[in-house]
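Take a look at these structures.
Below, chain A partners chain B and then partners chain C, in two separate complexes.
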Partner chain A sequence: MGTPVVQPGPLGSYAVEPGTVGPCHVAPDALQGIKRQQTNPARWNGPNWDEFSTAVRAHGIDLRETIAARAAFATDAGGTAHGLAHGVVIARSTEQVALLLRAAQEYRVPVTVCGGGLTTEGETVAFGGVLLDMTGMSRVLAIDANALTVRTEAGIFWHSLAEELRRQDLDYLSAPLNLTSSVGGTLGVGGIDVNSARLGCSADQALALQVVTPTGDIVECSDTHNAELFQRVILGYGQFGVITEATLRVRRYTPLRMHYFYYASLATAIEDLQLLDRNDASDYSGILTIMDCAVNVLVAFDSTEREAAFMANWRGRLRGYGELGFGLRMLAHYALRPWKLGEAWYLLQRKRELFPELRRPEYMRDGTMFDRSVVFSRAVWKFWGSRQMVIPDLATSAAKFVEAVERGNAVCRKYFPRYTLYLVGIKLRPEHLAHYEMSCIPPDAEGWAYGCEFEPMLDGRAYSRDYLQSFKNEIYDIGVDMGASYYRFGGMMKGYIRRVFGDAVVDRHLALKRAADPAMILNRHVIF
Partner chain B sequence: MSVRTVDVIIVGASLSAAAAAKRLVDAGLETIVLERKELPRHKICSGILSPRGHRFLLENFGPLPRETLHEPTSCRGVTFHFPSMVSMPMDFFGGSTPHLHRKYSDYWAIKSSGAEVHDRTSFAGLEDNGDHVLVHARRQGEPVEYRARQVIGADGPSSLVIRSIYPDYPQTIPWFFVGQKFHDIIDCPLDPDYFHFWFHPGLGHYTWSHARDGRQIVGVGFKRGDNFAKKHENVVNYLADKHGVRLQPHTEDEGCGENFGPSLINRYVFGKGNVLITGQAAGFLNMIGEGMSCALHSGAICGEAVVEARARNRPMQEMYRSMIASEVRRTTDQWNPLKIAFERPHEADFPAALMALGWRDRAKVLRDMWRFIVLYKEFKWGRQMFRAAMQRPLIGGYSMQRWL
Partner chain C sequence: MLSLAKNAPQPDKDFASCSGCGLCLLVCPVWRRTHDLALTPLGRAKALQHGANAADIAVSVQSCTLCAACEPVCPEDIGLVEMTLDLRRRLPQPEGEQARMQEQTARPPAPQPAATAVLIPGTALRERPVTLARAQALLARTGKLALADDDGADIALALEAGMPVPKQRLERFLQPLRRARKIIVADGLLLRNARQWLPRAELVSLGVALSGLTTVRRALGASDLYVIEPRAYHADYQRLVKYYDGLRAASGCTFNLDLQRIAIPAAAPTLPQKFGLEAAAGGDDGVQARWILQGRNVTRIVLECMEDAAAFNSVSGLPVVHLADLADDGNRRNNDSRNDNQA
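== the complex of A and B ==
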């Protein structure tokens, strides 16, 4: 007796092409504002996989199909999307990546590219097809200390790049707080640092790229050479090519002089941060909070001259407290609110754990930070991140930022007992406007955009994806309501792309994508 | 007899099964769905899905094909009717919501999940052996066996999977019968864009009517053992007398047993060992009896829990119970009198609709609601609901100790 397996029946096939926004048969007013788009993609069911795997192996590509190899990439840092590739390829060379993409295009096999895997919405999770692990291409190729540039393979992590640069007394310009991001992945989405208010997003430091297009061509591009491809690949969410090498602008290494100012009000801290940014008063600036109770504005300087100028001209205008003053204020605050003693205890514990970590003598002496990469990637991330990164964000113009943060903060309070915020400015580079068209830079931002990440402290607790997604959606809905944008823009939140940018812009990019990637194989479900 | 070995077996092919299957298949787990009927199969249901459920379907399976919807394709909201003849129409938040044709919507969802579906295959029992579960089934009368790491019971209120692990459970809860009859319409003043519900203790525990495919459905729910024909006739006469609804004699009728109650008093059933229960089988039911949206979400959470527990090497039940707590909060909040009074736990704004009435009508509505609630007195749920309502602000949720 045969097994009565249900086959595609009288209703036909329900496979949905990437980028499809369906008709709505329910009602014109159903789910108001929400696009009729599947955001959690169906698993690719593997037609042509055998022919494809035979073809790539014939080219000498090591295609790993063991469950152990594939399961290592089952989820990303967000931990809410789980998928399994049919096979994994570790990138070894640009030519190998080109061969892989050519075969994938021919056999219509999806390719999902993963660097550090620090996406939060499943963008680097493969729902079938090939997972291309770029961390196999992680060598620094050339450092030009005179021209202040570095040529590196794109799978390198920022902390490894920093280590190589340090040997020649150099440093990167700007990298994400979590330095286990890969260079290629960062350039594809933006990246922000506490010096972004002066230098722009991390992707702005890219001078030139080597890209493998979705059809397997190897192309060098920059602002002056194949500029259109360069514009699409930078902040392009991996849609228009795999970045295999990058030339980045670097700088001379300098230790940093750090200062912290403490606030009890988000709005006041943001106003002061924007004051500093507008007046170029510091080399580094940002806000890290413990909920909305302890708001820390950090400023830092590359030189004693800049620090002295800040102290002379701007220190007195900041409304933040020093450590002692803030401690006394908190004491008075909680003495009058004994029902909030749990919160006070939590703040105290955090202070006890965090402060020694930020001031360890290995890299912090006499108020000077000798290794920002360690502080930011280790200390900060250790205390502001967790194994599962749930970090919805909002990016707005300077004028809308206070309202956006306060509304997002209220959502955090509703969903989680403990959370933290990370706020930073992003200097806009007029010559890079073409890069920003469909990115975290909101269209109404002038001079600076401002971003805030809202991160619950999950403390190892298991939450359902639905709960976390509901939290994120409420944050993202604020963005739609206020005409803002987001740092993270793909995966399960791709439904917001059309809501934020409008159909005309997205359809234009989709047409470009379809022209560049006829089989829609490369990171096919990330944004379209 | 050969034994098919897979990662997960799901019993039932409804929306909760499709949601669980979607998560499992996406994560690369080999999943088989067992369905006793031949698909696509008929399903008794109002089909009025909440907006939250609609969004879940859209995000996970894509836009709904036309054949998954009845006519009218959507429902704008709910109208509450009271014996004092006050009516309160309430629109859903976020707009109209789908009127699902369960025969095809369930089929579409389960196919879209990517799971392998074995229909005409009845679950007959299981043995949880610690590292695997042996599932016994019958396919067109012949015995078949499956070996899986986990089994998910998504087989509705009269769950055979629950009976296989808790044989006495069905005797411990009150059972209801809900039945609906389909009438050709002579004249029906009830707005076809709304789902109509009567808070009338003289009609039944759950009385409703709505339009479908050119006919009018008249439905009634009551404690099992009562007479469906009499109850239904009573409702039809009431609608004629009080609302001027004139209908032809019914042409079709259907009914099924319901486990109405676990959501009210936080007595969910989530299984044990490697056997997980989800959807309405677990007891999820929103207010006004809409169970599809919480079936979808609880099913998805069940699938996620299996994936997470495997990934983190944590006990299956611990993971599931910790993750399902959010859905329990959302569902039981809908029955929590404090939440209803001071927040908006539903997908339509009852407090606003109430406040839109004059104070006399408001008083009538509250009086009628109280008389209706008294109908449920015999089940002794009041104190349990009160305890749950008190717990909610104190522990931030509902006690897991009460879950089976």
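== the complex of A and C ==
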């Protein structure tokens, strides 16, 4: 078990059998002297497709094969992986998903599951087979305002969930700052919010799931019921089942009181962020940068009491500046470095564009921000989004974080004139340690893990995929060197998993996958 | 300048600029009803990016309600309404509409009104003469107001279908309006286009014109659900989102706005349904109206647009009134009239 099955190809090359993890072709010793690159997986060429399609249609499943239906899913948010499914099925019920997976297992047809499609490494792109669009299952099933829980179909976008919760003055606990992430997709990979340093990742908020296994069984699971399946599906990158329903913790809605502190040093900002997190000094915290020149520590509070306690106990210990003070400091900095005026102009322009968006009056009243997810998510797409997005990341223990970020920052500087960093802490839940195995949570993290996304501003410039891939590899090489983990280790980056997680862990998960998914049909190109 | 420019649809941006963020789905009434990506702006853009043509996505193109909710949320500032209309122009046009426009063209032109303000009330409001008279009376308090002879209903339908409007027909519609300084238009799509045809006139929606009156504002209460007409609102979103935020602060009423401050349409008829070629699927309108009402503790529904009345009446027993109906309190009228004139 664990040794990849390698078969000679028609031209004497060697192809890796689907459902195995091959030798790492981006390892330093794998292709000596050859430029490292990764490409889309080979397209599944459709054996048994006709029989399969006849069988699923006989069950009343609407399998769409038109170009219009398939092309809508031809790429993901990353925009560097492209593929076409043979057909698309919009999920409409758990039973329908179960029927589909049973047929796929029988006819060995790959099934790629897509929620919001916000992956960046092609994880939600189908290279042949069936694309299962989970957003067709987007109903909120039950809200319990007393128990503070919600039961929802898993294809729902977090924002749509928030729309329904807000009508009852409730809100979700923690979700990605992206309005169109789906609940199911997020629970499968983690989900980071600016309150993760206090509440953990979004997946930590799941109390129970309904899962359709790769063989088409419908199973209810939680930490106490079918716990092993629950542990593998949470943060499982879609390898062990399709999440069709989820029970999540929710909370009473509160607007936020926001504060921003500005730093010129990444290390200082990170140290202050970790100080706040260790001492539970804020309800929300994170770092967002414009390159490494303007480093913004965001701090926010659900209540005036928490805000007052912060101002009394912690504000004075932060080394960041207010907006005016930082502006004056930058003025002096660039006045002494006239050769960097281009950089200064960029920072100024960025500020002029971005700040009004974060302070739109319809979302801000009396220093309070309503609907933070709307404000930040719209800004994310307006100011950081584009048709191609490359966002390698590093996740480390608290102790290693400054070094990891500084090394990653140096790689960004080397490859791109403009970029941004997004850094946030993730509170680890001791009772969820089993969930974290082979996930973005690094095994040596205690108390908190820290994640940093390195996002170049592509700004419509044309970069080759090799160039972008080389950038990602160089970031990930830092992780291998430091014993870190990653959020985005699937899809085009899965060549790293053996070096990151080690053979023992990978082979154990592979064995579990083989047992759960005999035909290896579910999300074939994500991990296994 | 750059930040201002980023807030409006850019003429050079089309489906090719779509980054796939999916924010348009969250506000799309067709998405809410179908949860079918192929029927959304994102689905159309992605299909076109990957080789589909207008005929391949005809059903999607015709399902769009042109509520324009997707435009203000698009981070790429793609002109999504124009993108859909452009695709409609490439599809076979509905029959009968050209003949209807020719019929209108043949009518003798209306005389130019002496008033400097003109109201184009639209078909639905004309069918409610009492409400229309109240609207006229209210709007006339701020100056002389004329009722347009020609509603341009056939033009509005042609615009909806992406059909060319014959020059003579357009001229017959515009000619009586050319001397007006202020034109109040009930139909949001007509308003959007009229701004290009009559760039020197002040064009406002009927909702904004009425809700700006003190009489009407005073009659709004915290238990009212105020239903904004989506097309006019989204066409001038950056300005009107602030306007309605002010109205919310002043009146305390609830709006048909979602968390992104996008107006939820009360109904979502497809193009074939608007042309009478398809019956509305059972309960379609109810989906939107029920969603607007869900979890909201309101006692009255106040409409900017009479067309929305049917949707709310079908799902709710609450009183449904037009904005103009709010101001029928004769005792207050004289006092408020003075205020409106001052305003």
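Note that in this section the second predicted complex is superposed on the first by the 487 of 528 C-alpha atoms of A that agree within 3 Å, B and C clash if a C-alpha of one lies under 4 Å from a C-alpha of the other, contacts with A are read in each partner's own complex, and residues count from 1 in each chain.
Rule of thumb we're sticking to: a contact is a pair of C-beta atoms (placed from the backbone, for glycine too) under 8 Å apart; a residue touches a chain by one contact, two chains touch by 3 or more.
These figures come from a predicted structure and were not determined experimentally.
By the touch criterion stated above, A:463 is placed in contact with chain B alone, chain C being left untouched. When the shared chain is aligned, chain C comes close enough to touch A:180, but chain B does not.
Contacts of A:168 after superposition: chain C is touched, whereas chain B is not reached.
By the document's definition of touching, neither partner reaches A:220: not chain B, not chain C.
With both structures placed on the common chain, the touch criterion links A:378 to chain C but leaves chain B unconnected.
When the two complexes are overlaid on their common chain A, residue A:361 makes contact with chain C while staying clear of chain B.
Of the two partner chains, chain B and chain C are each touched by A:74. In the superposition on chain A, A:117 makes contact with chain C only, while chain B stays out of contact range.
Contact with neither chain B nor chain C is seen for A:343 once the two complexes are overlaid on the shared chain. Shared contact residues of chain A with chain B and chain C: 71, 74-75, 84. On the side of chain B, the complex with chain A involves touching residues 22-23, 25-28, 38-40, 51, 54-55, 58-67, 69, 73-74, 76, 94-98, 104, 107-108, 110-112, 114, 116-121, 139-140, 142, 297, 300-301, 304, 307-308, 311, 314, 319, 322-324, 326-327, 396. Residues 64, 66-69, 71-77, 79, 84, 90, 116-118, 133, 135-136, 138, 155, 157, 159-160, 162-164, 166-168, 179-180, 349, 352-353, 356-357, 361-363, 371, 374, 377-378, 381-382, 385-387, 389 of chain A are the ones that touch chain C when the two sit in their complex.
Contact residues on chain C toward chain A in their complex (touch as defined above): 2-3, 6, 17-23, 25-26, 35-38, 42-43, 46-47, 49-52, 56-57, 60, 73, 75-76, 241-242, 245, 258-261, 294-296. Every residue of chain A that touches chain B in the complex is listed here, in rising order: 1, 3-6, 8-9, 11, 14, 16, 20, 22-27, 29-32, 34, 36-40, 42-43, 45, 70-71, 74-75, 81-84, 127, 417, 461-467, 492, 495.
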